[in-house]
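In this document, chain identifiers A, B, C, D and E correspond to the written order of the chains, with residue numbering beginning at 1 in each.
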Amino acid sequence: MTALLETKGLTARYGDFQALFGVDLRLDAGETVAIIGANGAGKTTLMRSIAGVLANGPGEVLFDGQPIGALPAAQVMARGIAMVPEGRKLFPSLSVEENLLMGAYGRKVEGPWRLDTVYDLFPVLKERRNNPGTALSGGQQQMVAIGRALMSNPRVLLCDEISLGLAPVVIRDIYAAFPQIRAAGASIVIVEQDIGQALKVADRVSCMMEGRVTLTGRPAELSREDIHAAYFGVHA
Amino acid sequence: MSAPASSAWRVETRTRAATGFSVFAVLLVAIAFAAPFFVSRSLLQDLFLILTMLVLAQNWNLLAGYAGLVSVGQQAFVGFGAYAMFACVSLGGLDPILAVLIAGVAAAMLSVATGFFVFRLQGAYFAIGTWVVAEVVRLVLAQWRALGGGTGTSLPNAAIRDMAAVQWIAEAFSVRSAQAADILTYWLALILCCATIGFIYWLLRTRQGLGLSAVRDNQEAARSVGVDARRIKWAVYVSVAFVTGMAGALIYVQKARISPDAAFSVVDWTAYVIFIVVIGGIGTLEGPIIGVIVFFLLQKTLADYGSWYLLVLGLIGIAIMLFAPRGLWGLFSDRTGIQFFPVRRILKGGPSTDHQGTRGGPHG
Amino acid sequence: QGAAVKIGYVSPQTGPLAAFAEADSFIIDGFKAAAQAAGLNVEVIVKDSQSNPNRAAQVANELIVQDGISLMLVASTPETTNPVTTTCEAEEIPCISTVAPWQPWFIGQQANPGDPSSWRPFDSSFHFFWGLEDVIAVFTNMWAQVETNKQVGGLFPNDGDGNAWGDANVGFPPVLSEQGYTLTDPGRYQNLTDDFSSQINAFKQANAEIITGVMIPPDFTTFWNQARQQGFAPKVASIGKAILFPQAVEALGNAGHNLSSEVWWTPSHPFKSSLTGQSAADLAGGFTQATGRPWTQPIGFVHALFEVAADVIKRASDPTDSAAMVEAIAATKLDTIVGPLSWGDGPLPPFAQKNVAKTPLVGGQWRLKDGGGYDLVITDNKTAPMIPVGGQMEAIA
Amino acid sequence: MIWVDTIVQGVLLGGLYALFAAGLSLVFGVMRLVNLAHGDLIVLGAFLILVIVSALGLNPFLAALVALPVMFCLGWGLQFVVLNRTLGDDILPPLLVTFGLSIVIQNALLEGFSADSRRISVGGLEAASVSLGPIAVGVMPLLTFLSAVAVIIALNALFYRTALGRAFRATSDDPVTAGLMGVDPKRLFATATGIAMIVVTIAALYLGTRSNFDPTIGPARLIYAFEAVIIGGLGSFWGTLAGGVIIGVAQTMGAAINPEWQILSGHVAFLLVLLFRPRGLFPRAND
Amino acid sequence: MQPVLDISAVNKRFGALTVADAVTFSLAPGEALGIIGPNGAGKSTLFNLITGNLQVDGGRIVFDGTDVTNAPPMQRCLMGIGRTFQIPQPFVKLTVFENLLVAGTFGSRKLEAEVAARCGDILIQTGLIGRANVPAGQLSLLERKRLELARALATNPKVLLLDEIAGGLTEGECAALVGTIRDIHASGISIIWIEHVLHALNSVVERLLVLDFGKVIGMGRPNDIMASKAVREIYLGLDV
């Protein structure tokens, strides 16, 4: 069976600095994959390369078996890969509702996610719909960012550090939405530094270090030591 | 990471190309000073034009390329300097050479006054602010009836003839006084140009110059390591105005006729100057030199084609900006690593001798 | 015969003043042919000022220094003539200029234009055209033909022409008050002004029935439209510069009817070229035939400029010697296509005697033709009776 | 009474400046592009309308309608092919390229149309006026002002009521993230410039009917347009209108004192506003 | 003894977001203080307030007995506050050595010749000597972080503010870095260090401050802090 999304030997660089060295990643339909790794491991870079924001070097990105590595972000998105970027990146000039509507700008397909269903998922957003997006709390902003990505009814949802900077209660609230998102049919890649959280939601986990995937497996199969070693590059 | 070991550190800035160039440059300047003895008068006038444009270009480059202050209102200082000179000569009866110096001071004073305003603005706002300020200065000077208002006025012929040293040059070269005045203004332009380049090069090699480069690269970080970004920018702005004012005055000593529209022409004194810097390569001392030569050659070859000349000039400017944003010198220097005005401090000596050598572009 | 005598010619061939120079190549071609026929060995080097005073000075310098010209010719507005003349003065190169009233040319080049006692004649520069006294006479003569309250509104910009026309000593104000007119002059505006309501209000308040001034075409159009919109309808509008060219008047649509202006040259001027023998009508017709464009007033003067050049070169003992040329110019007595020319004996103040020669000036009105387009009708010739009038002055409807 | 008239005329003049500035404001607001060729593009538009008027014998208003799509495409292509390459943190490339463009347009027009003064005639409308109480107001200046208001309303509606406008604002905030929403910033910017050229065409109609124009007349008004945009505050269309009116009124008031101060007062008003509000009267919260 | 740095009731908001909420603490001369807290807690912002890169909305900052609450950054630097940036901010077109020269000459008002040797020594100390004459734009991330440290040292600070300089280092590199910081500390410089790599942090600092949503929620000896329930819950999240 072909994977829904697959990278083969993906590399990326910022000027002279190489950030990814031949990353292989696979996401099957309906699956949730978590990527963990220390600061600067290249997780965000990987997400950005897949989404087409970053021109990637040699290596392939296949979506449904089609190469999409050379496409610009707008076209990747139009095929059904949406991203929740690191740092939320709400549009400060737009209200909450306008931010959500922007999510469907380049891909208007019928599906489970519409303005009303997103508001059902995160009811607090409905109350704040006319506020500027940036006037919300961090957690609410993160909800807007997720809702915005959902608005395009993506087949693959890329989430970069959605728990970053949020209080544990808020993180719990946000992750509480994930079963619903999965149930509605999206396959998910999450990037997470919080290993515990990652192991809880993921079907499979990949650990990255210095631009390489150093470990892949199902949460149950991975030992603390393996993870620790992959994460920090040494055995504890 | 070994323990600190103070030992024989050395800091060098020289490169071999630069050493070679400095010999060449000294020779060139010597030849340039001697030029009136053997070149034709028309060439001398061309050289005057090149030198004064180069002064303006180096100054704008210091402002925009090193201090990050993109001004499109430099004509304010050219025109103000020129008017100050005219006032000194026509109304005050001073010698034009003295008037040129006073013009520089006047332009510097104008820059202090306008600086309070334009320094409140950033980026594109700064650019447009400087332009408006220049318009205001033009409109105000256009009301100065004693200097002809909007009509303009001419320098008295006698003022040029009686200029210090003109008679002496006229006799020494046995030429008419008009030609002697040309020789004198040429020498002044040469001195001004050498002094400008020397000053900028010296500045870049002082710690202030280092601070300026740091501010340009990253203002926040520079402030955090103790660089007073504001003061450095002010100093650059005022000294650029001083030299630009002198250049403007000198240009108008040679032209001998002034009017507000000519003296405050944004095209002549700012737009062309920007073209020169950008074509040559912004943020380098070499760039404006290359740029002014290219500009001059273009002007010479195309000037008789009327509108086509400007059309082609515009297209070349666009092309360079789009395809070689670091200018002609940038293209050359990136390929060869050659710099004639090195400012990079290279650390040598010390306990370990296996430092990597350096190559690559200048600070710009 | 020896090397050709080099003549430099500077005019605004491109840029906003280009209309003044549109006949240049037609006339220079004619001049070259005539010169050859007359056995003169001359070369004309033409430079474009791009309507830019800086550039005008620069090309003048190039002509003198690089090309080694023996004679400079320059035409068209003080913005071109003054920088070129100043350069020639400094270089001691003979220079003949035209198409600028003599005051802006002469006074505009004095170090302190505000102080007549400091004014000095030029050594090697000569000018021929009319002066403000002529245009004032022509305008007041025209105004006298129409019944008005003698209230005049003045529109003088802060430029070479405007400052001279509005000057309290040499301009309109003293003469008008002498002749019983009351002038309302709100002040020197900048060229390319977008709103004239302050002037219109001032004129309305003064109940002005006459408008005069020297404006650039876009400003006059702006003014004229605004005046009509705001219900200000003077009986007479005599304007210099703006309605010089037929295209500019046509650009006003029907609103150009009965606007009046000074007329320096028309195809009906009763003069002949000393160079080609052509009449004014022939010259204008030739231009229209060659280019398909209507005649304009500068044609005659540019032609006359070259007539003088040919005459001077013929008479000079050594055309390549500045002093000899200056001497020859000063001694000129020539009947040109713009009228008789001579320096040193004109009806001029003493300081300008040497350098200025005057040409006749009359006044005219633009009249709408039946099939569209305008005719320039001479309505006053008191100042130059040899030029025939074509009709009576009419008030603007 | 004269003062009332002075202010009314200044407001109407401000409408003209706002019209010149609206396209600039759009382009400046969406992509921070300082377009020094804006004035020349207006003149280009005026020539285009003139050509259509004389070739097809159309009424100038209809001719402007015909010119709209042409100018839109021109703007779209210009942005897509040339100007997009100049965008970035550095303000020099856009300044230089558009300045080069300004020179190119002027001289190409000179080659094509000569330096003659032209005019688009609207016949009787030129002199028509309506009286507002004791003040006579020209119909064309009034139309100009009303068109400016209409353009501002339309641009605001576009910006705040449509998906395209949302995309403009989002892309202006953050082009990379907008890309993740399916926006192709290059095309979007091209569309913005295309729309700006529609506004330019409207401005060209009024420039060409108000007064004479020739190929070199563009830059003279560019500075007022910039002043209007900056006084108003980056990204505020109503601010742009207010900016235009401030300059217009300052000019007529200055002229009422003495025509010598007319243009100077406009500039001084601009400097004063910026002295107290360096980011303009209605700045966007985040910039 | 008078504290070298005294922060009292400092507040800072970004729009609706409070990032410093009555933050109060002081630093004794020669002390090493660690700051921990979740991402976005306001740690880096606190540094920016101390250095003057951001203005406080309220509260007072006293350095070495002088109120510096409204002083510009360069003045605070001159007085002896040196800092590193979390996201390295090198002067990319200057070489590594020149980066230090700027800091050395401006940060301590000395001539280039006077500080060159010291800069050389710092380059050795921070392991950058091999890259001394390379434009800083060409450095890798780790080298940039070292440059941040080296440049801050070159300003000859009394208090050194370090923002996440150990993130992403290997075990060996991390140990070496800890050694360097200990040396710096031993030379008498006070240190405030923001770090997520706790074992590195705890091997240097004497006191830990925990920040969450801009509030100080704990301060004390590292072991006590690490053991407190609030910290385990908020900072480490659900225990791994």
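The rule we apply is simple: a contact is a pair of C-beta atoms (placed from the backbone, for glycine too) under 8 Å apart; a residue touches a chain by one contact, two chains touch by 3 or more.
None of the values given here were measured: they were computed from a predicted structure.
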{"item": "Contact clusters after notional removal of subunit A", "value": "one piece"}
{"item": "Shared chain contacts [subunit B and subunit E, defined touch]", "value": "none"}
{"item": "Farthest chain relative to subunit E (centres taken as mean CA coordinates)", "value": "C"}
{"item": "Most distant chain from subunit A, judged by the mean position of its C-alpha atoms", "value": "C"}
{"item": "Whole-Å separation of chain centres (CA-atom averages), subunit C against subunit D", "value": "36"}
{"item": "Between subunit A and subunit E, centroid-to-centroid distance (C-alpha), Å", "value": "31"}
{"item": "Distance between the centres, which are taken as Cα means, of subunit C and subunit A, whole angstrom", "value": "76"}
{"item": "Overlap residues in subunit D, where contacts from two or more other chains coincide", "value": "107, 110, 260, 263"}
{"item": "Touching two or more other chains - residues of subunit A", "value": "134"}
{"item": "For subunit E, residues that touch 2 or more chains besides their own", "value": "138"}
{"item": "Chain pairs in mutual contact under the definition given at the outset", "value": "A-D, A-E, B-C, B-D, B-E, C-D"}
{"item": "Of subunit B, residues touching subunit C in the complex", "value": "40-42, 45, 49, 90-91, 139, 142-143, 145-146, 148-157, 159-160, 176, 178, 181, 255-257, 259, 261-262, 265, 268, 303-304, 306-307, 310"}
{"item": "Contact set on subunit B toward subunit E in their complex", "value": "1-7, 9, 11, 207, 210-211, 213-214, 216-218, 220-229, 344-347, 349-352, 354-358, 360-361, 363-364"}
{"item": "Parts of subunit D lying in touch with subunit B, wherever the complex brings them together", "value": "28, 32, 34, 82, 85-86, 91-93, 95-97, 99-104, 106-108, 110-111, 223, 226-227, 230, 260, 263-264, 267-268, 270-271, 274-275, 278"}
{"item": "Subunit D residues within the subunit A interface of the complex", "value": "163, 166-167, 169-170, 172-174, 176-184, 235, 284-286"}
{"item": "Complex contact set, residues of subunit E against subunit B", "value": "51-53, 72-74, 77-78, 82-83, 85, 89-95, 97-99, 101-103, 105-109, 111-113, 116-127, 129-135, 138, 151-152, 154-155, 176, 179-180, 183"}
